[in-house]
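Several structures are given next for inspection.
You will see two complexes here that share subunit A, one where it goes with subunit B and one where it goes with subunit C.
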Partner chain A sequence: MQKKGSQVSKKIAISITIVLILIATAALPLVVKKDSTINLAILVFLYVTLSSSWNILGGYAGQTNLGHAAFFGLGALTTRLLWLSGRPFILSLLAGACVAVGFALLIGIPAFKLRGVYFSIGTLALAQILYITVGNVFPMITSLPTQALITYQLVPRYYLALVLALLTIGTAYLLVNSRLGLGMMAVREEEDAAESLGVSALQHKLLALSASAFFAGLAGGAFAYYHVGYYPQFPFTPVWTFDAVMIAYIGGTGTIVGPIIGGIFYVVVKELLALKLVELHLIVFGVLFILAVLFLPGGLVEVWSKIQTAFARRARGQEAQAALPRDTGI
Partner chain B sequence: MSFLKVERLCKSFGGLMAVHNLEFEIKEGEIIGLIGPNGSGKTTTLNLITGFLKPNSGTIIFAGENVAGLPPYRVCQKGIARTFQLTKSFPNFTALQNVMVGRVYGREPTTNLKAAAEEARESLQRVGLLDKEKVLAKDLTLMERKQLELARALATKPRLLLLDELMAGLNPGEAEEAMQLIKQIRDSGVTILVVEHIVKAILGLSDRIIVLDYGEKIAEGLPEEIVRNPQVIEVYLGKAHA
Partner chain C sequence: MRARLMTMMVIVLLVSTLVTNCTPTPTQAPTPTKEAAAPTEEAAPTEAPPPPAPEFIEVGASIPLTGKYGALGAMVKPGYEYAVQDINDKGGVYVKEYDAQIPIRLTIYDDESDPTKAVSKLETLYSEQNVVAYLGGAASDMHAATAAIAEKNKVPYLGIAFALYAIHQQGYQYLFSPFPKSPAQARDVFEILNAEIPEGERPTKVAIFQETTDWGIELAGLWKENAAQYGYEVVVHEQYAPRSEDFSDMILKAKQAGAEMLLAVPNPPDGIAMFKQMSELGWTPKFSLIIRAPENITWGETMGTVGDYVTIFPGWHHGEKFPGVEELNAKYQAEFGRPADLLTGPAYACVQILADAIERAGTLDRDAIRDAIAATDMTTVVGPVTFNADGTGNVLNPLIQWQNGQQELVWPKDHATADLLYPAPPFEER
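This part shows the complex of A and B:
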């Protein structure tokens, strides 16, 4: 009974925390007028979206995709082209996500013939091919037209990034707590066993890949909406993949909270380091990534749960002591 | 009508004929033992039936339908479940989650996870593992992992259950428990094909026994016939004993 009560109160505490975070993030642009802070928040949301989307396939379905930048890039490219040619932005954004999913399905069926590290190498190679191709087809920088520059506002970009982050996290949460999520994780844990129990590994991998590509494509669309001028091949650079992977690992793969904590940690530390060390922050993150993989395979989320269990054990220890008779003379 | 009918089944790996023109039938409600020396094609046969390997030729008729060449998950949905020789649990899942996968996907798929969890508990109860439902599979002992595989296979609601060396690595007491359990499962209406290395265990369990050697069936019959069959004694002990 007591245990159930504490579970309920824990649920309430989590709900309250979520609502508070929602209110705080929704109200931020109304309270904070500094552009640099808003920019930083947009970056956090973009990275959380990108990393959470990678996590659906990489963390939950166990397929380490090293070509995630391709989906981000395709979302950015499609959205930008359509939007700047005068189509409504929302339609352009959705089209970008759909193109990313289309490409994902196209490469997914052959790529999933490969298992483990070969899948990773295969996806990396495909993304690199796309990166170079886009660089050759669209060599010119893409800039917002003058009219758009004059009316450019940061706040809509902020809300777009926020909504996308929430949408990705929410979908990931619903997905992994559903039947399909159970199947995806079973495939991650032991593919043959999953198949022997009626789970189609290929179907679940393709589903995870599509969801992953869809939200990465949306993140790319937000990037295209946010940036004033960039080379079209820039969102295709493998850095976007590795950032997403690193954030997921530092925060904790295969968890909902991991990419959120990782994303905040990554952007904040990167900003602090970039001020002092310029490009050297890459080395710092490289080392952090290796340390996380070696000593903290569960990421920062694991640190938190370890602290919690340590406290719980301590509390239990004290209770046990209190339960002892006082006058035993010890 | 036979429940499972294997006809002219062939499988080769490179130049090696792992299974050659294999033919046998199983009736509903039987416990069939499949024995043979190392490399005689027992596990290959099991992998062919469950779709983990595609046969070069031949048919596998299960309940009137050819299942040869279907992918493993389709074979499971048709009602054929299996366990693995080297246990393949989902290591970071709890015992309950392991079994739930079988219930949720299996022969009668469902999206109701709550009800599935209840039924998964029943499967755990059946194999005597309910007290470990919250333990991660990677923290279970070998015996417990074997029980878990069985519970998981049962949760798919199979009509035919293939057990690949379930008793290997168990001590005599545990093996005896496992035998009782297999009989109970048969009595609940599941047909069973047992692949086993330990001849003694299989003799007491099976209604009929099929003996393989070099991928071919060399004998088939009642347990007491099999132990007296000179050809069987020869492949197990050498010519001098036959």
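This part shows the complex of A and C:
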């Protein structure tokens, strides 16, 4: 009874914390007027979306996709082309995500014939092909027209990035707690065993890939809306894949909170180091990353569970101490 | 377990100490002083005293110090720093509004050759440092992103190390670049050849190896346009994607067509592969203008005699005889053991132009500084500078040639450190 009560109060505490965080993030542009802070927050949300989307396939379905930048890039390319040619932004954004899903399904069936490291190499190769092709087909820089720059505001970009991050996290949460999510995790743990229990591995992997590509495509679309000028090839660079993977690993793969913590850590700490240390920042960040991997193989989410375990152990120790007969010294 | 945690805590503490004790690289700046040489007209009794001068004139730069453009950024950074140091050693910039000389404080951030990070750095410089002007990094894609942010924030922006003209066709009002652009590069090569080589000996049959990038497309179009105008004929125009490995087909086509001149803008790996294959296939153009790849100081060492006779338009050379170049070279020599690099002079000139504009504007108002930059008419370490309405600079476009493993300035004649060597002897005879 007492245990159930503490679980309910824990749930209430979590709900209150989430609501407070949502209020704080929604109110941020109203309170903070500095463009640099808003800009940093946009990057955090963008990376959280990208990493969470990678986590659906990589963390829950256990397929290490090293071609995630292709989905991000396709979302960015389609959205930018349509939006700058005068189509409504929301439609352009959705079109970008749909193109990413289309490409995912196209490559998914042959790619899933590969397993493990071969799947990773296969997806990396496909993304590289797309990267080079886009560079050849679209060699010109895409810049926002001067008129658009005059009216350019970071705040709508901020809310777009926030909504996409919440949407991705929310969907990942619902997916993971559904029958489909359990199927995905079963495939991750042991594909053959899952198949023998009637779980279609290909179907679940394709579903995870489509969801992953959809949200990566949306993140790409948000990038296209946010960025003032870049080469169309740029969102296809492998760095977008590796950043997403690094964030998921720093935070903790296969968890909902991992990519959020990882995204905040990756963007904010890296930016602070870059501002403070200039030329040395990459070395210091590299050291921090190695330390995180060495000491927290489960990611930063592990810190919280370690603290909880330590507190629980301490409490148990105190209880045991109290239960012992006191030595009166006589 | 405890030992592990302790080790981790010690390392994290060390890193935190390092972070909190380090600051970005602001230049050493003396305290502001009253301008001694400034005219000291006696103020009328009713005239209000000038407002208190700010401690510094804040200027910010986002430079690729790491990543794929790190080598370019390494040439740009000392140029900015030396110029700021030289100006501050003289007390700073006189600003009439405050009737005081104010030192410049330059904050430099590394953008890791990533346009998204460059945008972020420029927003930070604007929000946190309240900079009156931006100094750009290097490479077209970086400038495309950062110049747009300057436009958005209405902050004057001086940038070098990009020749792409398209950026200037966006209608930007705050972008200024005292650096030669594609139209000058496409025109000057024919003008120099016609001036230097007698008719009948000129390499009139032209081969263009066009990279499928924006700059490659832009330059190839301009070269074709200018060739006919100056009496040259494009006999081969081939395209290739960046990072290609096989150029043999286009080389053989050029050889077959009897092309005597090669025009191209390859990146360093492509340029190296292209020339090695030209040497293997036995096609030696009498004249080669290869922008970009041979600008790297390692070209001579990597290519040996195959790399000789190649010419480039890098924007500047340490041999130019403009005021201040000698001092800049001496400073660079003392720190790096060689005269100033190709991008260091133009970077130095950016700060000279900015300081001059602030002094003429007489205020730290960004729009006034922008207008003053637009009206620039001065001599810098890159020579005389004025700006066109689109922000492109009217600047010297020197031609450099690799000779015996050294970059020699061959044009204009009055600055030349060596004569233009023409025609290039066949690769096998070198």
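Here is the rule we use: the second predicted complex is superposed on the first by the 302 of 330 C-alpha atoms of A that agree within 3 Å, B and C clash if a C-alpha of one lies under 4 Å from a C-alpha of the other, contacts with A are read in each partner's own complex, and residues count from 1 in each chain.
The definition used in the following text is that a residue touches a chain if its C-beta (ideal position, glycine included) is under 8 Å from a C-beta of that chain, and two chains touch if they have at least 3 such contacts.
Just so you know, these numbers come straight off a predicted model, no measurement behind them.
Applying the stated contact rule after C-alpha superposition, one finds that A:Glu195 touches subunit B and leaves subunit C untouched.
Once the two structures are overlaid, the count of subunit A residues touched is higher for C than for its counterpart among subunit B and subunit C. Using the contact criterion defined above for the overlaid structures, shared-chain residue A:Leu182 touches subunit B, although it does not reach subunit C. In the superposition on chain A, A:Glu279 makes contact with subunit C only, while subunit B stays out of contact range. Of the two partner chains placed around the shared chain by superposition, subunit C is the only one that A:Leu291 touches, whereas subunit B remains out of contact.
For subunit B in complex with subunit A, the residues that touch the partner chain are 50-52, 71-73, 76-77, 81-82, 84, 88-93, 97, 100-102, 104-107, 109-111, 113, 152-153, 155-156.
Those residues of subunit A whose C-beta lies close enough to touch subunit C in the complex are 34-37, 39-40, 43, 132, 135-136, 139-141, 143-146, 149-150, 152, 227-231, 234, 239, 271-282, 284, 287-288, 291, 295. Against subunit A, the residues of subunit C that register as touching in their complex are 4-5, 8, 11-12, 15, 18-20, 22-25, 65-66, 108-110, 112, 114-117, 119-121, 123-124, 126-128, 140-141, 144-145, 147-149, 151-153, 164, 166-167, 170-172, 212-214, 216-217, 241-243.
Interface residues of subunit A facing subunit B in the complex, by the touch rule stated above, are 178-179, 182-183, 185-186, 189-190, 192-201.
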